[in-house]
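Taking it in order: structure first as C-alpha cells, then the write-up.
In this document, chain identifiers A, B and C correspond to the written order of the chains, with residue numbering beginning at 1 in each.
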Amino acid sequence: MNNILTVSPSPHIHGKESVQKIMRDVVIALMPAFFASVFYFGLGAIIVTVTSVASCLLFEYLIQRFFFRKPITITDGSALVTGLLLAFNLPSNIPVFIVVIGSFISIAVAKMTFGGLGNNPFNPALVGRVFMLISFPVQMTSWPVPKGLATGYADAVTGATPLAIVKEGLKNGESISQLVGNLPSPARMFLGDMGGSLGEVAAVALLIGFAYLLIRKVITWHIPVAVTGSIAIFAAILWLSNPEKFADPMFHLLAGGVLLGAIFMATDYVTSPMVPLSMLIYGCGIGIITVLIRVWGSYPEGVSFAILIMNAFVPLMNANIKPKRFGEEMKNG
Amino acid sequence: MNSTVLITVVSLSLLALVSSVILYFVAQKFKVFEDPRIDEIQAFLPSANCGGCGFAGCRNLAEAMVRSDSFEGLNCPVGGEAAMKEAARILGKVAPVVDPTVAVVLCNGTPESRPRTSRYDGTADCRISNSLYIGESDCSYGCIGNGDCVRSCTFGAMYLDERTGLPVVIDEKCVSCGACVKACPRHRIELRKKGKKDRKIYVACSNCDKGGAARRACKVACIGCNKCVNVCKFGAITIENNLAYIDASKCTLCRKCVAECPTNAIVEVNFPPRVSKAEPVEENASI
Amino acid sequence: MKTFPSGGVHPPENKLTAEVPIEVLPVPEKVVIPVSQHIGTPAVPVVEKGDKVRTGQLIARGNGFMSTNIHSSVSGTVSKIESVLDGTGFRQTAVFIDVAGDDWAETIDRDQKVNRECNLSKEEIVGKCYECGIVGLGGAAFPSHVKLTVPEGKKCEVLIINGVECEPYLTSDHRLMLEKGEEILAGVSVLMKALGVTKAMIGIENNKLNAISHLTEISRSFTGITVHPLKVKYPQGAEKQLIRALTGREVPSGHLPIDVGVVVQNIATAFAVYEAVQKNKPLFERVVTVTGKDVTRPGNYLVRTGTSLLKLIDAAGGRPESTGKVVNGGPMMGKAISNMDIPVVKGMSGIVVLPENESLRNAAMPCIRCSKCISVCPMNLEPYLLAALSEKSMFDKAAGERITDCMECGSCSFTCPANRPLLDYIRLGKSTAMKMAREKK
C-alpha cells in the first residue's frame, strides 16, 4: 500500500480555512456581546442562551439522524451559531418552552427543510425569531430592565425599549423633545444600558466583535457599512426635515437590533449575496426597510423583517449582478 | 343599493362578453392543430422521458411516429414490443421487429485481477478522473469505477458492487435506454441483444493493447489470442485491435468459446446450473 | 509595489531549495526520450534501432509548425523505439538510448564565456529556436518559435520575462537567475531582437531579493532591459496577470498577449534561447527542483532529458518513506503522477514529493456561499457557480459565465473553507465548453 501513489487533480495543497474555523470565529466574535448580556441581564441571559444553543444542536442532530440518515454534521458549528444568534434576539425573561419552539422553527423549518447547511434561503435564527414574535407577542415584547446580576429570570422587572417608547409617544401625539426625558442617553445606549433583546443592547460589544470578524477576514465591510450607512442617511434626512417628529440618526443606529443585525445577521454567508456590489444593494435595502418599518410600520422594530425581506432578493441578485470580469474589455495600460 | 348591484352585474357581464369574443378570435387565429393520435400513442409509451429513443421525451417520439411514413429508426426500447405494436395499430402501420437489448459492462477488472497501481483522490466522477490520468490500474481501457453510469440510470437498474468496484446491471430492471452508454467516458457499456432466458455470452474486456501489456495490466484481459475465433463454428467472433468481439446476432450461446478462453475474458451469464441468477459481471465465468 | 489588481492567494512558500546551488546530475546509463515533450504534434523519430547518436544530435524531427525538434541528451546507441508510460499512465512513443561516454556534437560551442553579441536576423533566430527544440520551460512546454513568430498585422511592443516563480516549493528559475544571470540577459537581448522590440521587462516576486538585485546589477550593462520587483501573490506567474501587473494592460477574454502587444517568456526559456542561438546547443537538459518536506537532499538539479525520474529522486536522497503524492510541477498547478518510472522531459520544472498526510483531500462540505472563491479568483469569475453548473452538466450556461476564461490556477479550491473540489468541476466544464465551441465552428 505504501508504494501506491495518490493521484488527484490540482491544486495539491489547501489553505487553512475551514467551515469550522469560520464558525468558531463567529462564536468568538459573539462572545463580547454575550458577556455584556450577562452583565446586564444576569441569569436570564445564560438560561435563554444555553437553552437555545442546546435545543438547536439537538434538533439538528435528531433531524440528521432520523430523517436525512446521512453523516451527522453538527460539529460544523452552524447550529451553534444559529442557536447563539437566536438567543441574542430574545428578551432575557422569555420562558424556556418558547425558546425551544423557536429553535425548532429555526433548525427544522428554516434550515433542514431546505436541505441543511448552505441551502436555506432565509436566515434560520431570524425565521425562528419572527415566528416567535408573531406567535407569542406578549412574551416576546416584555423586556426586562437591565439590573445586572440582580435582574432575575422569571420575576424580572420589565419596561419598554427605547424604540417602543418613541413609537408609543409619537402615536400619542407627543413630540421627540418631550420624549427625550424617558429615553436613555446615547452614551448609556452605546454601552447597552437599556431594555432590549439580550444580545442587541451593547453596541460597544458588538463593535468589538465586528472588528474581530474584519481582522480575521470572516466578513467584508460591505454589508454592515451599507446597512448602518443607509439607516443613518435615511434617518438623517427625516430628522432634518422635522426633528420633532423623527428621531435622530444616532438614536436609530444605537437602538434596537441594527448593529446585531448589520454585523451578525445580515452577513450570514448562506443568505447574503456574494458580489460586493450586490452586498451594498442588499445592505441598503435592509437599512431603508428597517427605517420604513420603524417610522411608519406598526412594529417599533424592523431589522428582522428587513433582513428576511432582503434575503428573498439574494438569489435574484446572485443571478444578475456579476463581478466585472478580468479582460472584459481591452485595457491599454 | 339596487342600482349598484345592477350596474355591477351589467358592466361585468359586458366585460365578460367582450373578453370572450376577443378570446374566441384570438384562439381561432393562433390555433395549433395537433394530431389526436399523438395523445393516443403517448398513452401507450412509458412516460419515463428517458431519451432512450433518441428524442427528448415520449411525446417527441409520438410526434415523430405520426409524422414519419415508416417506423424507420423509431423505437421505444423501454416500452418494447408491446408499446410499438399499439403505436403501429393506431397509425395503421407495421411495427418493425426490434430485438430487445440490455446493457452490459465490458470490463471485469476486479481488484484481484487488475491490481491497483495508484489511488485516486479527486472528485468521484469518471469524466474528471478519465481526463486526468489512466485510472487506478494500469489498464487504460477498463472501467474507472466512479459510477457515472449508476448516477445516469433513472430506472435504478445499476449499482456499484462494493467489492469489485464495478457497476452491475440488474437485467430485470434495465430497459436499455442507453443513458449509461452515453455517460461512460470510456464507452465501456454496450447494449446487447437479450438472449433466450436472458442468457448472454460476451467478452467482458475492452483492452486494445497487445496481449502482453493487456495481461500485465489485468489477469482477465482479452489478449487477442484468436482461440475463440477458431473454436466458434458460427463466425460470430471477430478480433480487432487485439480485442475479441462476439456478435450477439450470430452467437448461438453454445459456450464453446467460454471454455476455450485462456484468460476467462469471455463471460457467460444466466446459464444453469453453476451460475447464480442475475449476477452478470461476476467472476462466475470460469469453468 | 506592482501586482495584479484582484484575486490571488498566498500559499505557504516552502521554498526549501532557494539557497541550494544547481547541481549537475551525472549522465545516467540509459535514457528514454519521448518524442512528444511539447504542446502540439509529436515529433517524428529520425533514428533507428542500433544507430549511434551523439549528445545534442537530432533524433526526432518536428512535424509541422505546431511542433518542435527533439535531440539526444546523451551519446550512445539507440536500443529501441517503443512506447513508454508518461506521468498520467498513458503510453507514448519514445527513443531508448543506451549511454556510452558523453560525446557532444561538434557544432555545440562548449565555451563558458558569455557571448552577448548576436548578428543573426529575426528569422534566423526563430529558425534556431525551432532547430534546437526550444519550448516554454515554465511548465506548459509551448513551442517557443510559435510565440516568437508575431502574426501578420500585429506588433509586439514589450517583451516580458517571467521570473515570478509564484508556485510554492519551486526554485529552479530562482537559482538560474542567480547563477546564470548574464546568460539570461544575453538571451533576453536575443529574444528582443527576434521580436523587434526595444523594451524588455523582467518581473520577479519580492521574495527573491537576491535575484532582483543581481539581475538589476547586470541589466545596467544591457540596453532596454529593466527588472521589476513584484508583490508576492499567487498566480502572478500567469501570463495575463503578469502582463497586467507590469504594464497595466489587460488581455481581453479569448485573446492572446500579442493582441495587446506583449510576448511573455520564462526565465529558463530565455536561458535556453541563449544557449541555442549563441552556443548552438539544443535543449536537452534543464534545471529541475526536487523538493518536499521529507526529501533528504532537496535541491536544484541540472538533468538531461530522458533521465528516469527514479534516478533524479535517488540523487535527492531517495524516495521518502512517507511519500503520498508526487507532483510534476508546483503544488498549485502541477500534475500528480501515478508512476515514478517516467523520463524527465523539457516541461518538467520541479518535482514535489508530498507526504502521506498532505496528500489526501479533506472531505467536502456543502457550499456555505462565503464568496471567498469569488474574491480570490484572479479572473473575477464565480467559481462556486461554474463548478455547480458543470456538476449539473449545464455547460452552455457555464460558457455564458465565461468558464473558458478560467486558467485553472486553483486559487478557488485552495481557499474554499468547505473543501469543495471547485476546480475539478470547472476544469471538466471548461474542457467540455471548449469542445462544444470547437464543434460549433
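Operating definition for what follows: a contact is a pair of C-beta atoms (placed from the backbone, for glycine too) under 8 Å apart; a residue touches a chain by one contact, two chains touch by 3 or more.
Predicted model only: the values in this text are computed from it and were never measured.
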item	value
Chain contact topology (line, ring, star, complete or other)	complete
Result of counting contacting C-beta pairs for A-B and A-C, higher pair	A-C
Middle chain, criterion being Cα centroid separation	C
Where chain B and chain C are represented by their mean Cα positions, the distance between them in whole Å	43
Centre distance in Å when chain A and chain C are each reduced to the mean of their C-alpha atoms	49
Distance between the centres, which are taken as Cα means, of chain B and chain A, whole angstrom	52
For chain C, residues contacting two or more additional chains	335-336, 338-339, 359-361, 421, 424, 427
Shared-contact residues (touching 2 or more other chains) in chain A	5-9
Set of chain B residues in contact with two or more other chains	117-118, 121-123, 128, 132-133
Residue ranges of chain C in contact with chain B within the complex	87-91, 335-336, 338-339, 359-361, 421, 424-425, 427-428, 431
Complex contact set, residues of chain C against chain A	6-7, 9, 11-12, 168, 240, 244, 247-253, 255, 259-260, 321, 323-327, 331-340, 352, 354, 358-362, 365-372, 374-375, 378-382, 384-385, 401-402, 405, 408, 410, 413-419, 421, 423-424, 427
Parts of chain B lying in touch with chain A, wherever the complex brings them together	116-123, 128, 132-133
Contacting residues of chain A [partner chain C, same complex]	2, 5-15, 17-19, 21-22, 73, 76, 78, 115-119, 220, 269-270, 272, 274-275, 318, 322-333
Contact set on chain A toward chain B in their complex	4-9
